[in-house]
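Have a look at the structure below before the remarks.
Which chain is which? They are A, B, C and D, in the order written, and residues in each are numbered from 1.
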């Protein structure tokens, strides 16, 4: 029984692990380069989900103190606010992810221009022929 | 102003990179001078930092005035000050070199090249300067992204090589990020110093062990450590010559730096050595890396690919020195980071100059090359001898400390493998050098006019030749000053418990 | 890849809502430092408005309004604003990005000058994110030529 | 005798002068050959004078030291001139003068290609030899040892023909490979055990033995050293030496008599006397083992030499055999043995260089390389063959030629050590030497020579048919031959030095 609620209570981790493994599988096993890139995105998204899920709290709100300083400042309970740091980190991670995605797609275009295919095995065939010459 | 050097050394190349775009719209030619000026400033700043650190010990620079662990802090001790000098110096030399080669290899992408090059330097310097594990990830990705793009503009195989590098590098970065996330869950802090305070009482928790594993694997991919090296040879072979010279000489070394940081700063040395025997595992993998790199390198005919495989072996040297876990070995590893950066830069620059002049990278076409370009081949010879480990070149001294470290910890296999691999290196370079000096088909008229073929000499332009000579002279002089370097800098980088 | 097509409704709607989107993007940027939002999000929204126009019209049309050169300048300008503010703090004698020192030149107390500094940084970030996203989209959509659309 | 230490830059000068000469030769190049060769001659003479100027203070029992740079703990580029070093240095530098005259005549008469490279490598090799002779620690020795290997490689491969490249590849594979794999490893072990690499008269292992350093460790280190110093051409690591025969003759002369093989045995002597020390070796019983190993080499190499028809190959195997005398004598670990072995260094140098010069002269003049072709050559080239005879007799060890002395001391040393089998070895090898040298002399002078059995009369009668090598070469080899004779009658300088070495290491005055 406790194994069940061990699983249930940590469901966000199980989710991110499953999603991450899907992406990982796509990156490693797919021969189509575009699918590799998609897998890469899934992979990174899973990690972002993981970070965000660690920051959430029940019934908490955004960590911005309304009508700021002075008398209001002393009624701050950390339990009322989400942990902002993971969100900030993930904002950066998303930027990194977007730029990686852009670079990868650009590379895909270059590769497609050269080989007229995105299937890895076909490209390797072409390379073998080139080496033969 | 000098107390702001830790952040300036990162901001200046960043600003220069973006300035390049605007300057380039107006005058293409200015980009080169602009880049060289910025990197020159970086060299100056890095030397100043090293001077301060050597004088007053560790510098801690709080970004935005927020004290760590809340704000990002740049912490610079002897180790990163040392690395900063290496990276910025080599980046300057390569930038000087790149002028002619880039004008030949990618004439219409000069602006973009220098922008990306500066971004790459920014990323590497940032990795070295920061004291915050997540900030390190960001800089790691900046460097990697710039690297992907720079590699992709190489010869016609480059895009595919770069794509594989993107996939592998992303996996590495994501693993690193996961490790950071686990550490954050466990401790709620991202600052290295803070973590090293908080972690010891958590050393038995599975989260921390998992974090350590993820961090190590991620970094191992980034530094092309043996089982995870697949992306390296293609990427470094097909990149433009200036790019491969810079990336080959610095990127893997910076990866090694990050590994050392994680093992001995974020985690305490006794964790990496005793709690989980990661150093033992790394040591044996390093042995495999040395053998694999050398053996694969013997079979290559493309000189850049050969050097790329040698890099894998050199990374093995560094990790081996770290993994034996005593003062000698660690000193050798740090010294080898410096020496290997110089050797690789020298060899890749020379190979680039040869390709620039003769248009070939195939060692079988190098016969009697010394008559055509004596200076470049002389520099290549110096680099080769240094990698083999012939005194007085600097390669001998780092191997000296590495082997002594291995012997001190009774790791006879490590010591034997290191010597055996330098034998293999001797075989590799002997093959090339014999081709260069005693080519099978002698240049016509050589027999009548004698050895130094001044008559058929056709050297690379001065802007390429000068950096090559700097590197070759550096290799020789580093050999003589290695004792001074160790006593003044490296001995302070060794973890206290060694 | 991206071809103009005769869709009056779509073109009109896009033309109508694009300014609204951009206004909203500016709003998000401007409120980034004391409410959800900020440079990244606002920049993305601004970029989305241009991308929408590319989808509705074609790249040629968009490049009339947002040429490569302007894009590059925006891209650099953002980073230069960001780093410039940081260096300004540094010149005024505080640490890099320590905005509270800006009260020396701003008519505000350290706390407010800190938030104003953050606003400046957010604006810079917004510029860069917009420019970079637009250029990524244009480059990839046109395969690097930026010349899609006029052959017809 | 008490040794006063003198600090002087002379050793560095002695090494540097030929490096500077190499630079000048490179700058001069092919433009003016006379100027280029004059640099060589000048450098060799200066070097010899510098070294000779150090002799008196050494004879007075002093030691000259100079530290160039101390790179790291244990790794310092340091020179220390003692009796052994000066002994080797003065031999090599004196012979370099003669060799350079000879090789000028040689390359010019054969119109060799790449002469500049040839002379540059020659000069570098000589300065590296001086470096080994003067080295004060194993690191310096190793440094110059490798420089010798690398700088002689182009000389061996000089002809650039396929077989030359093949021989050169074998040459560098043996020398570089073993030195990195075994010698360097042994140096590492030495440093990690003893904590120092500086030579000391009683062996640096004497002090640390027993303190954490097991005898097995010492034996392994010793074996690694012996296997690593391949230049000494001890069997089974000898086969690079015959392979290196493809080199031009002056180079072979240099390899055998002056630089390479001599360096090898010199380093062996250094290791035996100054790293391990004779007490330790005698306690470990390694000396005797080494002695028998050397005797094996002596006998077998001589037997192989018998079967060689190529003159230079025969000389090569004779070198393999003769230089094991040096190792044998040191391995006896007795004063007379050490004296004899050190004498053997100089005596063999003069004898063997004469033989090689003669072989080169024959090749240049008559283009003959095989022993079977030498019938009656003595009438054609009387001076050359007279010198050859002198050298051969010296090699065999018959008075009044110098070679006798070393064998004499070796015999005494063997008796001191109570190794009667060694004496038998010496006797056998003497006979074998006679067996492979005298037939050459016999062919040269006596084959199809009816009326004259004596070379002087043949000189008189056949004066018309004399066709000698260029004067430079003949002069050189006659000089070395007379040197070999002189060493028998006036060996005092070398003998004193050798005795000093023996005394310094054994403590027996």
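Convention: contacts are C-beta pairs under 8 Å (C-beta built on N, C-alpha and C of every residue); 3 or more make two chains touch, one makes a residue touch a chain.
Keep in mind that this is a model prediction, so the values were computed, not measured.
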Inset, instruction - Could you tell me which chains make contact with chain B and chain C both? - result: A
Inset, instruction - Sort out for me whether A-C or A-B is joined by the greater number of C-beta contact pairs. - result: A-B
Legend entry - Most centrally placed chain, judged by C-alpha centres: B
Legend entry - Rounded Å distance between chain A and chain B, as computed from the means of their C-alpha atoms: 29
Inset, instruction - Let me have the rounded angstrom distance from the C-alpha centre of chain A over to the C-alpha centre of chain C, please. - result: 24
Inset, instruction - Take the average of all CA coordinates in chain C, do the same for chain D, and state the distance between these two points in whole angstrom. - result: 80
Legend entry - Centre-of-Cα separation between chain D and chain A, whole angstrom: 71
Inset, instruction - Send over the residues of chain D in touch with two or more other chains. - result: none
Inset, instruction - Check each residue of chain A and list the ones that touch at least two other chains. - result: 99, 106
Inset, instruction - Chain touch graph shape: choose line, ring, star, complete or other and state it. - result: other
Inset, instruction - Sort out which chains touch which and give me every pair. - result: A-B, A-C, B-C, B-D
Inset, instruction - Could you please specify the touching residues of chain A with respect to chain C in the complex? - result: 62, 64, 69, 91, 94-95, 98-99, 102, 105-106, 109, 113
Inset, instruction - Flag every residue of chain C that touches chain A in the complex, lowest number first. - result: 34-36, 40, 111, 129, 132-133, 136, 139-140, 143-144
Legend entry - Touching residues (chain side chain B, partner chain A) in the complex: 134, 137-138, 141, 145, 148-149, 152, 156-157, 159-160, 162-163, 166-167, 170-171, 173-174, 177-178, 181, 184-185, 190
Inset, instruction - State the interface residues of chain B toward chain D in the complex, per the touch definition above. - result: 385, 388-392, 397, 400, 403-404, 407-408, 415-416, 419-420, 422-423, 426, 430, 434, 437-438, 442, 446-452, 454, 479-483, 486
Legend entry - chain D residues touching chain B - in the complex, by the definition given at the top: 26, 29-30, 69-73, 75, 77, 113-118, 139, 142-143, 146, 150, 154, 157, 160, 165, 169, 172, 176-177, 180-181, 184-185, 188-189, 191-192
